Amino acid sequence: MDILSLFVIVPVLTVIALVFSKGLKQARIISMIGSFIQLGMAINLLFAYFRERAINKSVMLFTQDTVWFKNFNVHYAIGVDGISTALLLLTSIVVLAGVFISWKTDDLPKEFFVSLLVLATGVYGFFISIDLFTMFVFYEIAVIPMYLLIGIWGSGPKEYSAMKLTLMLMGASAVLLVGVLGIYFNSNADGGVLTFNILEISKVHIPFEAQKLFFPLTFIGFAVLGALFPFHTWSPDGHASAPTAVSMLHAGVLMKLGGYGVFRIAMFLLPLGAIEWSWFFIILSATGVIYGAFGALKQTDLKYINAYSSVSHLGMVLFALLMLNKTAWNGAILQSLSHGFMTALFFALIGMIYGRTHTRDITKLGGLLKVMPFISVIYVIAGLASLGLPGFSGFIAEMNIFVGAFQHEEMFYRVATIISVSAIVVTAVYILRVLGIMLMGEVKNEEFLDLPKVTWFEVTGIMLLLIPMIGMGVAPLWLSNMTMDSVGPFIQGVLNHL
Amino acid sequence: MEKIVFYILALIMIVAAIASVTSRQMLRSVIYLLFVLIGVAGIYFLIDYNFLAAVQLTVYAGGIIVLVIFSVLLVHHIEMELEMAKLSKKLITGLVCLIGLGVFLSVIYSTNFNVVENSKTTDVSDIGMGLLSYGAGGFILPFEVISILLLAAMIGAIIIGKGDKLTKNDDTL
Amino acid sequence: MIAGISIYEIFTLTSILFFIGIYGFITRKNLISILISLELILNASAINFVIINKYLYPDVLQGVFFSIFIIAVAAAETALAVAIIINLYRQISSVEVKDTEIMKY
Amino acid sequence: MDISYILFIPFIPLAVFLLLGIFNQQIKPAVSGYIGVLGLSVSAALSYYTAYQYFFVVGKVDGVYQTFVEKTVWMNFTDTLHIDMGILIDPISVMMLIVVTTVSLMVHIYSRGYMKGDDGYTKFFAFLSLFSFSMLGLVLATNLFQIYIFWELVGVSSYLLIGYYYTKTSAVAAAKKAFIVTRFADFGFLIGILIVGYYAGTFDFQTLNAVNPEGEGLLLNWASSSFMGLSVITWALLLIFMGGAGKSAMFPLHIWLPDAMEGPTPVSALIHAATMVVAGVYLVARLFPMYYFVEGGFALNIVAYVGAFSSLFAAIIALTQTDIKRVLAFSTMSQIGYMMLALGVSSYKGEEGVGYMASMFHLFTHAMFKALLFLGAGSVIHAVHSNYLKDMGGLRKYMPITNITFLIAALAIAGVPPFAGFWSKDEILVAAFEKNQLIYFMALFVAGLTAFYMFRLYFGIFWGKDTQYKHTPHESPISMTFPLLFLAFMSIVAGFIPFSEFVTADRVAFEGHLNYPMAAVAVGTGLVGIILAWIFYKKENDLAERFSNAFGMLYKWAFHKFYFDEIYMFVTKKIVFNLISTPIAKFDKKYVDGTMEGIGNKTVIISEKIKGLQSGRLQDYAMFFVSGVVIVALVFIYLWTN
């Protein structure tokens, strides 16, 4: 069994084991063990990647290729580069943290963990695939459990939110499918057979007209998941209704699929289309950056604030990807990782606060620093990380994006960059607003004075997310170099087409 | 002569047909239909299909119409006025029918039919031979099928008409 | 053959009858009236069979046979329809279409 | 010169921070105070050693002070652009090391007394250490990006320390305001950095500063690119200065500084008087060759005017304030304006660079006497539990040490010889006089105002009316008075340091000398201010009130800080929140989400309609069937003929 396929097999085995488990205790132990194995594999993969990279210069490592649907030349083709390795690591950490955070799921625990791990399977599969069709299949596997997770274990108007989220994402995948098929049917533009393999398609000169037509479809198809303005509205409602671990996984990992897909497929395979359309999508994504930040300014529900902040941060990812520039692309990858840890941490903390105080309305909270110091301090740290404080992952990601985007010669791109940069100010405002209202000040509610202490599994979950975030921020070089090396062939591939 | 007869018949049939579908009294409607059916029989006579005309008169004008009249009498008061459709619906339907008619006629008139001049008279024996023949062009099988069908319909009609209630509990209605 | 009358005129007549039947079928609100309209349609097409047989293929009798079949089927259909209508009337004391819509549930 | 040991100077406070931060609950307050002081003392000792080594042993080669750099790549952007982390040793960074560690050490010692018994004692020391680390990192930065990184870190430490009393709403608001205003300024700074990075291809100070008057080298790359009549690099410098102005509370980004006084007083002394707020000055000094040479020093002129105006503006406001810490805050702003204007009027070569030297000199002396003033004020506040002048008076009897040290500091800031402020201020006035008469007269006027409001404060606190105190005020403990005495000592002797020997624009030492006429005028102005204050405030009388009434409107405006807070409030609350954010939230709910929902709802409605077609009515079906047939027939017969 090769090192990558295990990423799909282990969660599936965990799911099977879960099916035969009884009760919460068994379910969570099994999920925890499964997720631990995943994390171990991800770390192992990281080292294996470094060893392999030293001797192997091809774009993708550990590649495997098996035909599974001959008529359409669909392969189970897998392989990773530095980017997918990093994202796999992110996924495994967030999944494990998510399991810890859902330690106390009382309601249908077995089914909950099964859905969670099915979702994880989809995400893992998506990150390792290099075949468009296989990728799409895994993408759908990842998106579907969301409906159940929110619809069953959610809170508030959960059916509505689940429906909205699923419908919008499904709508997007419909558009995406058209784009993917468009790419597929143009993959023999230089002669040869039709193929879904990304690496092979990238060598083909897809006609300009086709690129122009299919780029927006592919881009929007993925970008909806990446909360592109104005298709972001599923995100606030969805996150608000979702249970904690699901919010974490969704914002932390699933939304990254959008950016990753844009990078791997839309930008890489359709570069001419990307250039043709970049002005339009840059306007959208830069709007999203500012708009999300301003949107967060006025909200009072913690999850809404965080959801809008995600719109802003992930807008930055799309914005960077559209710049077609190595540094900016690297920044986009780093931002994906950084936002993954950060937002998962945020949602975990929000879940803990909500679990204790039973409200997410910041105007009803106050003085939490006094009553739950640990969670509050971590919230402050997460907040500071989110506003791009040096020493945390967000800073290096944003700086890469800004420096990269600013390398663009044209005035339009520069102005868009400056507009995006201005979001850091607004971000500071809304983060500090939350900190000021919620954590500081006097304790507003007598009941808050006697709240349960943090538990070991909550601390573990938090630390799992916090440590990589600080690690990335303090010593970014190795990670940044790893992703930068992997971005290299892609940007080169794109430039070859111009 | 025949031409005039045809036109008269056609006029009667059309007027009667229109009257039949627009009359607000059930029984009149049926009687107008009777005129149309008789007109059809007249057409059959005109083209020398006497047997057919006779069948038309007996089965249709004689049988079916009587059946319908009975049912009308069973379920209606004589003077009862029927409820009519909304004007808009009538207009739309009329329009659609007129357009359809236009399409039909334009197709018919633009088609060049290969008419064979003849004045052949068909007698009953020909029809009987055709219907009961086993050979090529024989219609024994459909004939039998129709017979069975008629039988089945008859039994069905009796069973339905016998009057067991469709549903036992009336409160669902 | 009717002397002096072309096939076109007869077709015109039958087409008119046919569409009057359709008009009636759609607009009438009473089951028996619908049945009557149906008879109109059937007759119009029966005439067509016969006419085509007579004018275009005088040597065979298929059209006639079909007419006979149509008459037979019409008779059967009417018998059944009348039976249903009467039964319905017993059940709900009405033969208006709108009252029978209950059946679709 | 082996400079790697200098790494310990910032890293010891970092280690202290981590220690105190992580084991916050486990460490006893008394121990944590000692840990903090001990860490800082080591750092300070190392700094002094560094200074000695640099200035007297290895720094000078052929009469020119060398730059020593040690750095490592921290993060790669492109092949040429990368962020380095490292240390850069040159005269100004060494000088700043001394300033930061000295003041920080004093504040640490002082805080042991001042914060005694506070709940978050350990936390306080952790934050102080974090700040010291960040500030030292900022000082030692080798490139623009590194300075930006530490710039943000000092910003956040400042945020944490201002909001130290986090249950107090005003403190939280002040912390937020400070962070956001400086963040806004940093936005400009960052864009400036981006521009520099793009056009120069480097962030490195040494490479950037290697410009020369002939406009060779790096300048060539930029000459072609201009934007709105100015070359892009001037824009970049202006934007960088915007960042500096934000941190240094220059007009119009000054509004956060007075509010920042909500923090504990030692914090105000350390961050908002001596070190962080001079970061802007330090930044301009760091890039001085660029400011001076690029486009004939256009950006530098702006610096001078902004500095001069801020200086005057703040001095006028300081006249009217009644909260003693706010008076000091505005005084700080005014003095930093002084430093800025000194940089602005400076030239590069030799003795013409006296402004640069004077600015750094003033930075140094100001750090000492302003920290002293704040700590003295803290001592007073500690005694009377109030910030307001009206609650004070006649304290000289109760607090002799505080009284004397405060007087020394006040004399120093008023520019009375032989105290430190006199020497540095004199040099600034000389530099201004040579370059720009307008600025000179503004500066001179400000000198007079400074003397006046400082002695208004002094007389108001220690003389004036004999207030009856509920608790008899008493002198502070030794942990608090020792820093006062030490800083008072520094305020006296710092002026005699021959600064031009050490810190000059072109790194070549020159002989500094006193310009007697200028000095006489400056001292005269200062004395006038002191005498006026004497008349007004020494004894309790209503002169001051009548005087302020005479000014009427102007007094009222100044008292309300020229309504700048209100303007900003208006912009943020009314415009940003009510006119941008609220509509966006509504817009999002109503239109963006509405559109998406609308699509869904329309689908439902349409499907309802379509469901209606499937009515079960035979006649309707017949209708559709016939219509369909007719339409299909029409289409196929007439429209689609081939």
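The letters A, B, C and D name the chains in turn, as written, and every chain counts its residues from 1.
Throughout what follows, contacts are C-beta pairs under 8 Å (C-beta built on N, C-alpha and C of every residue); 3 or more make two chains touch, one makes a residue touch a chain.
The model shown is predicted, which means the values in this text are computed figures rather than measured ones.
Asker: So which has more C-beta pairs touching, B-C or A-D?
Answerer: B-C
Asker: Based only on mean CA positions, could you tell me how far chain A sits from chain D in angstrom?
Answerer: 37
Asker: Let me have the rounded angstrom distance from the C-alpha centre of chain B over to the C-alpha centre of chain C, please.
Answerer: 4
Asker: If you average the Cα atoms of chain C and of chain D to get two centres, how far apart are those centres in Å?
Answerer: Taking the average C-alpha coordinate of chain C and of chain D, the gap between them is 97 Å.
Asker: Averaged over CA atoms, how far is the centre of chain A from the centre of chain C? Could you give it in whole Å?
Answerer: Comparing mean C-alpha positions, chain C is 68 Å from chain A.
Asker: Give me the residues of chain D that touch two or more other chains.
Answerer: In chain D, the residues touching two or more other chains are 623, 626.
Asker: Check each residue of chain B and list the ones that touch at least two other chains.
Answerer: 93, 97, 100
Asker: According to the definition of touch, which chains form touching pairs?
Answerer: Between chains, contact exists in these pairs: A-D, B-C, B-D, C-D.
Asker: For a test of understanding, state which residues of chain B touch chain C in their complex under the given definition.
Answerer: Residue list for chain B touching chain C: 1-3, 6, 10, 13-14, 17-18, 20-22, 26, 29-30, 33, 36-37, 40, 43-44, 46-49, 51-52, 55-56, 59-60, 63-64, 67-68, 70-72, 74-75, 82-85, 89-90, 93-94, 97-98, 100-101, 104-105, 108-109, 113-120, 122, 126-127, 130-131, 137, 139, 142, 146, 149-150, 152-154, 156-158, 160-161, 163, 165-167, 173.
Asker: Provide the residue numbers of chain C that touch chain B in the complex, in ascending order.
Answerer: On the chain C side, the touching residues are 1-13, 15-24, 26-30, 32-33, 35-37, 39-40, 43, 46-47, 50-51, 54-62, 64-65, 67-69, 71-80, 82-87, 89-92, 95-96, 102.
Asker: Tell me, which parts of chain D touch chain A in their complex?
Answerer: Per the stated touch rule, the residues are 73-78, 81, 83, 145, 148-150, 152-153, 156, 159, 163, 166-167, 169, 172-173, 175-176, 179-180, 183-184, 186-187, 190-191, 194-195, 197-198, 576-577, 580-582, 584-585, 588, 592-593, 595-597, 600.
Asker: Touching chain D in the complex: which residues of chain C?
Answerer: Within the complex, chain C contacts chain D at residues 22, 25-28, 34, 97, 101, 103-104.
Asker: Looking at the complex, which residues from chain D come into contact with chain B?
Answerer: 623, 626-627, 629-630, 633-634, 637
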